[in-house]
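See the structures that follow.
In the two complexes below, chain A is the common chain; its partner is chain B in one and chain C in the other.
So, the complex of A and B:
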């Protein structure tokens, strides 16, 4: 009940924020929306299927670079097309990558995903002619629902139409993911997380379903990544760097991976916390490390575990 | 009608021969027990029959189909189910969800990504049917890990039954169950099998009262070979087999 009330209050706050005349805070939340979508996917892989990826940033970067290539090289400015293209690219890349990765579990799966992430980082960094190398690629302002909105300055665009657009995409992504985890496929994935051998003996195609989760997670990562690069107007190789994947895992643990809305909360709190801590000290990474340690040791179910303690703790 | 047949099956782990030319046939309507001392190859045989371990050589067929190399998933779809020696459950899933995993698999709906599981009346009915048969109907909402040990064992077996298989292979279905409860558990299993139309049961079991009380046929293994394959009465009458496998005259 309390969680539902808090959730409704949070939704209302998110809807009204741009009207409150707080452009800095409003802009600050934009990356949180992109991250939240990516984390919904990552949590399908980890919280639901039991596979922890240390290379999810690969797909976030893939989405970001898809947006960059389409808007700045191919002249495609429609954000709907950009998002669809990011999703399609993710499927094309995640298919073969996933085929290799889901043959393994636990640390071997994590290390393989990390390796693929770093391969992609190296590609982005070294293939200057294609990717712009360390300078990255520009992401031009997209057209939303066929409306160029060129009369708006950047802040007005980001805190108005784009804010609501990103929020709508996040809402849609959450609805789709909610439906998926409550579906037969969602139950099959949870059974794999709990006991893969048992699931297989009951006719669940473990490897095929793990691959499906991997591809869906990649699609969410890429869509989140495509939204993430719009406010900065830049896609750079650091999007694929392993520390970025680490941040995604951090956000997931912070919000709580055994609750559906944990990833969303984790993304929002991480971004706000990062902003506050960075303004206080240059040793913000040190402080973040300490926070992560405290969360893992004392609050293994993350912030959602504090808000919704009635659910049984994860084993 | 022969449902399951193994012919001249050998299984090596490195240089160790776990199964040495084992042949076995299970016909419709039979309750077959596999017995033998520790290390005889009982669990290895079940693993080979259920696709968990491929044989090094030999042939295994199920309902006339060669199933050597078949995955447990394919065997489940063909109509073969198994339960494990150690309790094997989904600790973090409820009893209802555990049974639903098997029911969805049987109905071919496991991969549906957007249908609402909670609204699937056919799956719910299948779950309730099995839960009632196994006395788990009042525990459907409980997480599997919170069940008493005996109920965990029942849930493990019940989930295999929920596949509505033609043949079920049970590796020590009463292990971990108190001596006083063993007969009750077996009665539950046999009644459930009868009501669900399961055509044959194969079990590995150490408790000779259970073995001789329920089996139509007993296959005795010793050092990876079939020592005897006969009715309970014939096995009981064979002093050598009893001495080797049971260790004491009955």
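So, the complex of A and C:
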């Protein structure tokens, strides 16, 4: 009950924020929306299926670079097309990568995803002519729903139409994910997480379902990544770097992976916290390490576990 | 329905099953009796595709299934309730039973399969929204069998369904298994004790050190005092 009330209040706050005349806070939330979408995907893999990826940033970067290539090289400015292209690219890449990765579980899966993430990072970094190397690629301001909105300056564009656009995509992503988790696919994935051998004996094709989860996670990652690069106007190789994957896992643990809204909360809190702590001290990574340790030891279910303690703690 | 011919199974370097042959026809309840470690579970796991036979053939309705992946064997209609139950604790009782109706579509409608599972184990109906971890040992056994039944199996493998249960619940579970037998699937039931073999068992196999040492009707055991030690009965 309290959680529902808090959730409604949070939704209302998010809807009204741009009207409150806080452009800084409003732009701060834009990356949180992108991350939240990517994390919904990552959590299908980790929270639902039990596979922890340390290479999810690969797909975030893939989405980011898709947006960059389309807007600055190919002249495609429609954000709807950019998002669809990011999703399609993710499917094309995650198919073969996933085929290799889902043959393994636990640490081996984690290390393989890490390896693929770093492979992609090296590709982005070294293939200067294609990707711009360490300078990255520019992401031009996209056209939303066919409306150029050129009369708006960048801040007005980001805190107005783009803010609501990103929020709408996040809402849609959450609705789709919610349906997925409640579907037979979600049921099968949860059975795999608990006991893959037993799930197999009930006719669940474990490898195929794990691959499906991997590809869906990649699509969410790429869509989130495409939204992530619009405010900064830049896609750079660090998007694919392993520390970025680590940040995604951090956000997930912070928000709580065994609650549906854990990823969304984790993304928002991480971004706001990072902003606060970075403005206070240059040792923000040190502080974040300490926070991660405290979360893992004392709040293994993350912030959502504190807000919604009804369910039994994850074993 | 199910036929094993001269099946050999090795686990690492150990020769666990030696030329095991076994058959179960539709509507039959076949019991595999033997002491702990004799090879009962290995036999069932080999049928289920967890272990690959080194020799011999396993056929289901005339089709060879040796070497198929486990999920493909389940999809052909083999339900498996292992000894340790392995109920999904994070899923509710209803979700546990529902799962195989999705993984093996076709045949009877899902609603009918779920209803059949609850009809056989009416006690579970009251627990539908409970988590799998909130069940007693006997209830977990029931759920494990109910879930295998929801697969709409042509063959049901039950590994030691009575093991570790309170004596009070054993007759109840026995009646449920009888009810399943009346529904028509072939059943292979592994038991370590002859007292756990239901009176309505069609046939009996006795396994010892990976070999089938007796195959026949339960009453034929009377003439085999040498087997009494194995099956735990004063004959």
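Everything below uses one rule, namely that the second predicted complex is superposed on the first by the 315 of 315 C-alpha atoms of A that agree within 3 Å, B and C clash if a C-alpha of one lies under 4 Å from a C-alpha of the other, contacts with A are read in each partner's own complex, and residues count from 1 in each chain.
Rule of thumb we're sticking to: contacts are C-beta pairs under 8 Å (C-beta built on N, C-alpha and C of every residue); 3 or more make two chains touch, one makes a residue touch a chain.
Just so it is clear, the structure is predicted and the values come from calculations on it, not from any experiment.
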Chain C versus chain B on the shared chain A, clash or fit after superposition: clash
Chain B versus chain C as contact partner of A:149, first or second or both or neither: neither
Touched partner set for A:191, first chain B, second chain C, both or neither: both
Chain B versus chain C as contact partner of A:212, first or second or both or neither: first
Superposition-derived comparison: chain B or chain C, residues of chain A touched: B
Which superposed partner A:28 touches (first chain B, second chain C, both, neither): neither
First, second, both or neither for A:202, with chain B first and chain C second: both
First (chain B), second (chain C), both or neither touched by A:179: first
First, second, both or neither for A:277, with chain B first and chain C second: neither
On chain A, the residue positions that both chain B and chain C contact, one per complex: 184, 187-188, 190-191, 193-195, 197-206, 312, 315
Touching residues (chain side chain B, partner chain A) in the complex: 50, 52, 71-73, 76-77, 81-82, 84, 88-93, 97-98, 100-102, 104-106, 109-118, 120, 123, 143, 145, 159-160, 162-163
Residue ranges of chain A touching chain B (in the complex, touch as defined): 179-180, 182-188, 190-191, 193-195, 197-206, 208-209, 212, 312, 314-315
Chain A-touching residues of chain C, taken from the complex the two chains share: 48, 50, 69-72, 74-75, 80, 82, 86, 88-91, 95, 98-100, 102-104, 131, 133, 147-148, 151
Residues of chain A that touch chain C when the two form their complex: 184, 187-188, 190-191, 193-195, 197-206, 312, 315
